[in-house]
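Presented sequentially are two complexes of subunit A, the first with subunit B as partner and the second with subunit C.
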Partner chain A sequence: MAITSVKNLKEFSTANDRFEGAHTLCPGCAHSMIVRELMNCTDDNLVVTTNTGCLEVSTAVYPFTSWDTSWMHIGFENAASAAGGAEAMYKARKKKGTLKDNDAPVKFVAFGGDGSTFDIGFQWLSGAFERGHDFTYICLDNENYANTGGQRSSATPIGATTSTAQAGTHSYGKKEKKKDIVAIMAAHGAPYVAQLAPNKWKSMAKGFQKALETEGPCFINTVSPCCTEWRFDPKDTISITDLATDTLMFPIYEIIDGHELNILYRPKNVLPVEEYLAAQGRYKHLFKPENKHVIEEIQKNINEYWEMLQRREEARV
Partner chain B sequence: MAEKFDLQEREVWDGNYAASQAMRQAKVDVMAAYPITPSTPIVENYGAYVANGYVDGEFVMVESEHAAMSACVGASAAGGRVATATSSQGFALMVEVLYQASGMRLPIVLNVVNRALASPLNVRGDHADMYLGRDSGWIQMDAFNSQEAYDLALCAFKIGENHSVRLPVMVHQDGFITSHTAQNVYPLTDEAAYNFVGEIDPVDDMLDFSRPVTYGAQTEEDWHFEHKAKQHKALMDSVPVIEDVFAEFEKVSGRKYKRVESYMMEDAEVAIVALGTTVETSRVAALRMREQGIKAGVVAPRVFRPFPFDEIRDALENVKSVAVLDRSSPGGAMGAFYNEVSAALYTTENRPLVTNYIYGLGGRDFAVKDAMDIFADQKANADAGHITTDIQQFSGLRGPKLGFFKTKRG
Partner chain C sequence: MQDLKLCAQDKRGIHELEAGKDLIGWDEVTQGSVLPSFEGDASNVAHLKQEERCYSDFNSYTATVASWRVKKPVFNIDVCIDCQNCWVWCPDTSIISRDKQMLGIDYDHCKGCEVCVEVCPTNPKSLLMFAEQEDLETALSQWPEKKKKEK
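== the complex of A and B ==
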């Protein structure tokens, strides 16, 4: 496949611009950075499908479109099936020789928010992975249903307040742990699964390229800070992402063939999670004395998870 | 290249097998499906064609009917021929995507083997699923037997893929009564069938990268209405294409189809209007009534959507009393089919008396005798000059007689 150079950020960010800057995502929204990186990391033809969510409602408002490639949105849950269907059609037509250009390589990519990936669209995602369609699924994980105003999803972490799991006099926000989607997708036996972040743009572009190059279904969870619902200044998107990766709230790693785990980023100084939490309005209430135990629990979970990742990496099993 | 399938001039096929053969002959590029009784054999038969090299296309066995229709949408936008099959609960699970498929103007063919909707769970045939699809923006055609299930499935591709139509098409057949009853079917040869259906010429092909396309855009109060109105217009404008395709099919098969099939209606005084296998039952009943000197006839839409308002009106306007048979639970109103036929008849000079019979739910048998009783009711109405019963009655229901809605005429 045709890979775009990822040496220089300035060059890379303007390469092969198939995702227009004109869209209605909030200023500072990480969704567009992630999508742009994906679109820029390859010269191959792309069929992109997208679940309902902020990305979809902000990039294809009739009569406009931000997509300078084939793009489809059906519903909230079925972008994986749409990509699978299109990929099956590609195979059928290639075999019969009915494509306009029978030799040009084509890649299939589906985007979903955490809502459509972890929750409502999980069955469609799981099915498409079991069937082994040759496509890459990218989750834009902003840990809430942002498009509908910030409700909880099963990606919302413990302690975050959302409109449907609110902090109040009797509640510290979401009580349940975030679903471990990366492990679940790796357990499908997918050839390539990773968790990546837009602040580490080189590893993200490389991970995308790996996924596109790898035959079979590949899954990438990307942390996508949402200034509106996480409540931070739009100019701080990347510094918040830095805190996410340096506190290990979002460890960056890949899992190959369902078992071979590689950590892709090891912070020189691991920061305490308070720094990440304190930078966002959605965790403000945790700094009340009665909620101290929640921060402790979050830190404990992070430490345990990081320990587990390191052991798995070492074990090479 | 697909293996050659040996066909006899006359085969003994059930409706499911007939539908599968039509998909094989149309050289479907992608079939994405999920099994459910009674349409499961369509998927299984197709699986056997795949396993034995009789088809070249891709067979995607998804994890649900919602995913089946979703994959069909993705596949269809990627520019090839697409078909699937379902029934009942599977159809219900697909509904969200049915609207999305028609809104994107994708010519997918869906074979619907009609079955009741739970609860209570029931695997037998009624028209609840067919009715559930009636506002979904699809063309809906109705087969009354296996031969027709085959014929209409071939016509469906040619109608839906026509550039002035570009709409998805359902072909309905009755669960079990058609789908599992082996009958004589006269297939076209593979060559004749494919020549008739023709190659698909995709519009807005997602795999043509020289012209990128965006499918499934967002519209609000500014544009949604115009899109939906255009979609309705496309359905209404499909009528001449449907008629042309039926005419062309007659040339290659000798079998004639019309948007509304009328039986002994030239001089009919009373009529039954029905769908599915009930049409044939009612025709036998009409013959028997004629033996008793009662001028009975039967009217049946072959094309349920776009609704043949004009043809139904013309077929029935000179009848005195009409019974419209709904094989779906009316849910607190007149039967939906009754309402549509009544609306057509309201525009006529003579305004025949129209009554509604709910029958056959969950596969309850509907026999010739039942149809004859309904004709007898119509004859009584015709003689009295007004409706002599409740307007809505239940045919074949055990327990005390049920009836609803009274007339103010007569």
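== the complex of A and C ==
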């Protein structure tokens, strides 16, 4: 694979962008930071598929496309099937020697939001992983169905208010825990699974490159702060992501072959989760005295999860 | 079948329908659309800079979202250290970097989110927000001095 050097940002910046501007994602949207970085970290041909969601509707506003590579959208749930099908066809035609350029390296990438990944497209994703297609699936996890007005998904964390799990006099927002999609995808025995974040651009680029280079189905959950639904100023997308990784709300780690866990970022100063929560409107109600227990529960969950990750890293099982 | 009118556009079989005879087969309907991003061969795009490419009119590169902006970032090259933070985090592919140097802002595609200003590490910043109508010279003449570190 021809990879772009990510030794330092200056070298990385010589990549020629293949994700174009004048898409219609909100100003400051992290989806495009993540997609740009994926496309900049290789100069191989890419076949990209995308589930319905903010990324898809905003980058294919007829008669425009923001994609400089092959790109396909079919439905809400089937980017993984589409990528798998394209990859199977590519393999078959390569064998027969009927491709236009039989030697050109091609990588297959599917993007989905958390709604399409954790919920509605999950069986398609799981099926494609079980069949073992050689592709990389990237979830843009903004913890809600953003494109349809911010409904809860199984990626929405406890305590966040959403349009279908609203905080009010009788509720503190969502009551259920976030689904552990990284563990679920690792349990498929996938050769490479990771959780990455755009503020840590280098570990994200390296993780993307690893996934693209690894044969077989690879899964990456990326933290994608959504200024509109998380309710923060668009300029703060990166500082919010810093808080997400430094409070360990979003630990950065990879799991190889379903068992070998490596923590990729250890904050020097782990910040209390209040700092992350206080920076976003969707958690504002948690700072009322009657909701103090929710913040405590979130912090407890974070601590336990971090402890588990560290033990698994040590145990190598 | 005579009065059946499907809500279909040009090229999607409406002519056959309106002829009032046979419905077109499922395999004749053009579902969706295919938009070429480039004129001609696109296999080498990853090795071409934007200004070297043959964009087709369908490529959003040829469109603009400048009207989304209320404020715009202004770039002061004298302070810039070419760290490329602004390049890596701009969500709208609007930082023009060539050969490891930050050259300026693509105002056709910048939405004025201010992320680049936030991530710029220099003191004073090399990118600052100004009113959309402010001209470059006036903006540069108002650039703040280096801030002293608070002890």
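The working rule: the second predicted complex is superposed on the first by the 312 of 317 C-alpha atoms of A that agree within 3 Å, B and C clash if a C-alpha of one lies under 4 Å from a C-alpha of the other, contacts with A are read in each partner's own complex, and residues count from 1 in each chain.
Operating definition for what follows: a residue touches a chain if its C-beta (ideal position, glycine included) is under 8 Å from a C-beta of that chain, and two chains touch if they have at least 3 such contacts.
Fair warning: this is a prediction, and the values are worked out from it, not measured in the lab.
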| item | value |
| --- | --- |
| Partner chain(s) touched by A:G150 [first = subunit B, second = subunit C, both, neither] | neither |
| Touched partner set for A:W67, first subunit B, second subunit C, both or neither | both |
| Which superposed partner A:G112 touches (first subunit B, second subunit C, both, neither) | neither |
| Contacts of A:D101 with subunit B and subunit C, given as first, second, both or neither | both |
| Touched partner set for A:Q123, first subunit B, second subunit C, both or neither | first |
| First (subunit B), second (subunit C), both or neither touched by A:G159 | neither |
| Which of subunit B and subunit C A:M89 touches, first, second, both or neither | first |
| Contacts of A:N45 with subunit B and subunit C, given as first, second, both or neither | both |
| Which superposed partner A:R131 touches (first subunit B, second subunit C, both, neither) | first |
| Interface residues of subunit A shared between complexes with subunit B and subunit C | 45, 60-63, 65, 67-69, 101, 104 |
| Of subunit B, residues touching subunit A in the complex | 29-30, 32, 56-58, 60-64, 66-67, 70-80, 82, 96-97, 100, 205-210, 212-219, 223, 227 |
| Complex interface listing, subunit A residues touching subunit B | 45, 47, 49, 56-57, 60-63, 65, 67-75, 77-78, 81-93, 95-96, 98-101, 104, 106, 123-124, 126-128, 130-131 |
| Subunit A contact footprint on subunit C (complex, rising order) | 33, 35, 37-38, 42-43, 45-50, 53, 57-65, 68, 82-85, 87-94, 97, 99-100, 106, 108-115, 117-119 |
| Residue ranges of subunit A in contact with subunit C within the complex | 9-14, 16-25, 27-33, 36-37, 42-45, 59-69, 101, 104, 198, 201, 233-239 |
